[in-house]
């Protein structure tokens, strides 16, 4: 009985909740007043059995291709398609076709939840990828934990997720912020002005920035949090000019916030800037007309401009298949990388069964991804990345100024040991924040 | 300059409604200009005046729809100047609006149920009674929108009676009616007056005024211009002039 | 930071915000004030104006003023088409016009995404910085506000001194009466919707150099536009100006002192308080006083 | 004003109703009246049939469809909270999502903190209903006793829900934790317990199929209560206020207080919907109070039909099903099709689907739609 039918026996009866809420097993879930649930469970299974057997291995993917986050999601959707097509092109996986079921939640957390349920409970996918904003990840993680679904979250984020079923192929602040702060303090001076999007990602990244800046002897002269819907920065630009910092650290996210760079440029604000989101994720250097993003320094594990031989091949394959691609951002490469890790683990495990694949993943496989050779960290389920710092020129061309090899998510390693302390049936599923 | 002649000097408690220098400004325009008005109980009186004389504004001040700029209003001896409209209705003031205000999408019976259910014990009995009074027999379940203009006016008059008021204010009850309907409205109003409710009617049609009332008050440019019996007012040359637009206040 | 500099800072921001609010709200005020149509697709008319300006700037390399004009015409024509096809049946049906324009908004955003992708190349902000008495502001924002005030003047002139303007105001007060006096109200509505959309397109064109050209760019303006129009009350010119001035003054004060979030919340709270104190908006209050 | 026109009375005394009908009739009598669609044995038969179908649905489908359908039913609470004030009392509110969001967040905070103490979410459920109702009462007093009406009520309520969205998306830091429950800022609050009634170990958690039945039962009870309300004397005053405020006030009704009471009730219904939404998804985030969601109930009611509870229910279920289906198909044209549908409904079903279907049915077949004798 192959993996994907196992859920049928397990899914409708087991109910281990994530440890934060009540550990009470749901009595009613097993047998409602009319005893209907039991028959439902079986009924639910009957139609699944038919669909199981040796059919294709299913990969589920949720990326926003419309609404405010489409700018990040379009390249990601193409990257997933490319990865699956490449697998099928050379013989599929374990001699079975890989079928991609990719949906567009239209930048709405509500749709993320219902589509995650559809992919897990109805499509019975063997692995789930996707989620762009931290909000969408947190919206579907309870559903993933409840149904023991193997899940890869590709985007860079504020860090701290320690979840048995979740793997994170995007970088975390320890990997992105520390090297960037170190470089910028060295190059431009100790007074930093932080501009951050006013939600979890912006706030926690600012906490990390403050910690590293102070650790390295600098001072954060001001921290400003901007709601996602705000697009007017005149008061902020005035404050920056008055406080005259050495450089600015930016965690601005979304189409509205991009206007900060245009307005700053047109108001004559000339300051070197650092960011873990600009260019590499939302490719402003492609869409803003120069010199708005001049003197911006970004630290990423992946940029389309990376001039490794392996990346050039990846980029040309990508653009051959999708000529109208605007930019291949970090999120897209991480989708591709997630499938590489999953593929390696499935081959190792010899089955698509999620529990087996999970234990293989916890052996810390190494894959040669477009960004370079990367390994999975067994204890935190995060990825060890090389970090590249690029500077945006006056004509918005990118030039690499520094590379730091193999950075591990050290802070999380002290607080999260999934391989040793968490198991498939008694999972740890929490998110740790710097305050703790 | 008012030529009010008080024929019957009533003592205070017999006055059901009194206003003291009641005034209302709309920006620069003074719609009602310090009007002193008295209505003895159980009287049926008319209020006339050319268009824009302030009649409707005066009624809206009485009903509480508008707040006066100055002056005060007394009802049955108590001041009600700043009382909310619903509180005045509960004390016994009822208004029939200038343009017909009934519930067009509901049936006649449902229209009547709204005022009646708050005031009568035997709701259905009272409704049937009022339907007859409004000469709408057999139309109880018709949608009010389908009734004729006159029928809707009668329905509203009867609805305003349904809350057993002490004082009934009727704002142009015969507007848009045929001669025959106007006469019937006159009979209806007189039959209501007979039930012991004081009534003030705003009207233009002088024949209608002659038919129903014996005492008339004339408003002009927001001020109380003249008061007296129908005959005196008809004979008063100055009243005719303001209707012909000759005389300034 | 001397007090004077902070006040100057604040004034420069108020001036910039004033321009944005007037531009965002003027087209809506004309359509909502005149015809009682709640146009939830107003943000998308701004987006169409911005796209048309960006496209004509990049593809036709048209100079900025010409590109902005093209933006205005594009929105105007779109408005005209939608008025003839859909809105014409919805006059006097305030709520239904809202649902219909919400549908139009969904369609326009997705269509822009399909045709131009998630992000269209932006435009440089012209003129660079402006230094006045130690306060640096963007020259373009000054130009925008001046243009906004000029547009206000144009709209005033059109409504006060043209034949169309007279008929339009008559139709606004009482369309049945106007019709009985021989005014072809159907044409007036068509013309007014075109005029409102044209002004909104011009606003979109003016915003183009300061925003990133994405299908959802309109959503950023719709709340501020509605609040400005509602608080302004019935008079299109005076109402829009006075409410835009007071709202931008209060918002920038909040933003200057407590940060942008407070600025945004303060704008909404001010709108609530003004509506509560002047239930018919500022203009009726002014008219009563004049 | 759109309302449902009715044809002259069809005299039904011809076929004498048997005693059984009599008892059935007296049972449903309080739920029938002029302000609801469907007031006859045929309607109730149809109602019972559909209810049976709904109760049996989980037998024929998988757990995912049950969860999704429960979600559709939960949205109906939001629609009914608007229908009762807008459809029946003429209060056009654009901010019902503020009660929905508040209900969800309050249930989350109280639930997370008490689930391991009392073993149940009883207090959380009550708090999620009564605190939004209290908030509605305060907001209602502020508006109605200031004689604010018409489109201005819509703008104030819209501004309120947008302010709530802004403030809640600001609560991301550690300091925004109430007891155990982290508000979570823009990422939203996670770990919200399912509805668990009872105390200690005997408490019963409602999830999956059992939650489906709970929601269906609560929805049916709410629908019947609202039918009773709108057909009662109080309901007449509500409809009268909708039709003509000044006229109704001059009959001695303090319409400010009437609107306040109905608005408070609508806050409670919206809060209940938010509680069920948060409990089912074990999650709630600020966008639920944003502009996109605030506009939805207005659209559902306009499409379904403004002056009918049934219209609100059918309009909401239909559009949510369609939205889910189109998103599921994940074609690039999903939102365009939804936009076209909204246009079509507004242009071709001006009164909303239910009233238009009712009128055309009655005009063509000349028998009351759903067998209503005078509705």
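Every chain is named by a letter (A, B, C and D) in the order it is written, and numbering of its residues begins at 1.
The criterion applied here is as follows: a contact is a pair of C-beta atoms (placed from the backbone, for glycine too) under 8 Å apart; a residue touches a chain by one contact, two chains touch by 3 or more.
Treat the numbers as computed from the prediction; the structure is a model and nothing was measured.
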Open item on the list: Comparing the two chain pairs, does B-D have more C-beta contacts than A-D, or is it the other way round?
Closed with: A-D
Task: Centroid-based (C-alpha) most distant chain relative to chain B - done: A
Task: chain A and chain B, separation of their C-alpha mean positions in angstrom - done: 74
Task: Whole-Å gap separating chain A and chain C, where each centre is the average of the chain's CA atoms - done: 38
Task: Centre-to-centre distance between chain D and chain B (centres being mean Cα positions), rounded to whole Å - done: 43
- [ ] Note the residues in chain C that touch 2 or more other chains, in rising order.
- [x] 110, 113, 261, 264
Open item on the list: If I count partner chains per residue in chain A, which residues reach a count of at least 2?
Closed with: 66, 198, 225, 227, 229
Task: Sequence positions of chain D contacting 2 or more other chains - done: 166, 170, 332, 334-335
TODO: Would you mind writing out the residues of chain C in touch with chain A in their complex?
DONE: 1, 5, 9, 12-13, 16-17, 20, 110, 113, 117-129, 131, 135-141, 209-217, 220, 252, 255-256, 259-261, 263-264
- [ ] Please give the residue numbers of chain B that touch chain D in the complex, ascending.
- [x] 63, 65, 84-87, 89-90, 94-95, 97, 101-107, 110, 113-115, 117-119, 141-143, 145, 159-160, 162-163
Task: Contacting residues of chain D [partner chain B, same complex] - done: 1, 3-6, 8-9, 34, 233, 236-237, 239-240, 243-244, 246-256, 374
Task: chain D residues touching chain C - in the complex, by the definition given at the top - done: 92, 142-143, 146-149, 151-152, 155-156, 158-160, 162-163, 166-167, 170, 291, 295, 298-299, 302-303, 306, 332-336, 338-343, 345-347, 350
- [ ] Enumerate the contact residues on chain C facing chain D in the complex.
- [x] 38, 40, 86, 89-90, 93-96, 98-100, 102-107, 109-111, 113-114, 219, 222-223, 226-227, 230, 261, 264-265, 268-269, 271-272, 275-276, 279
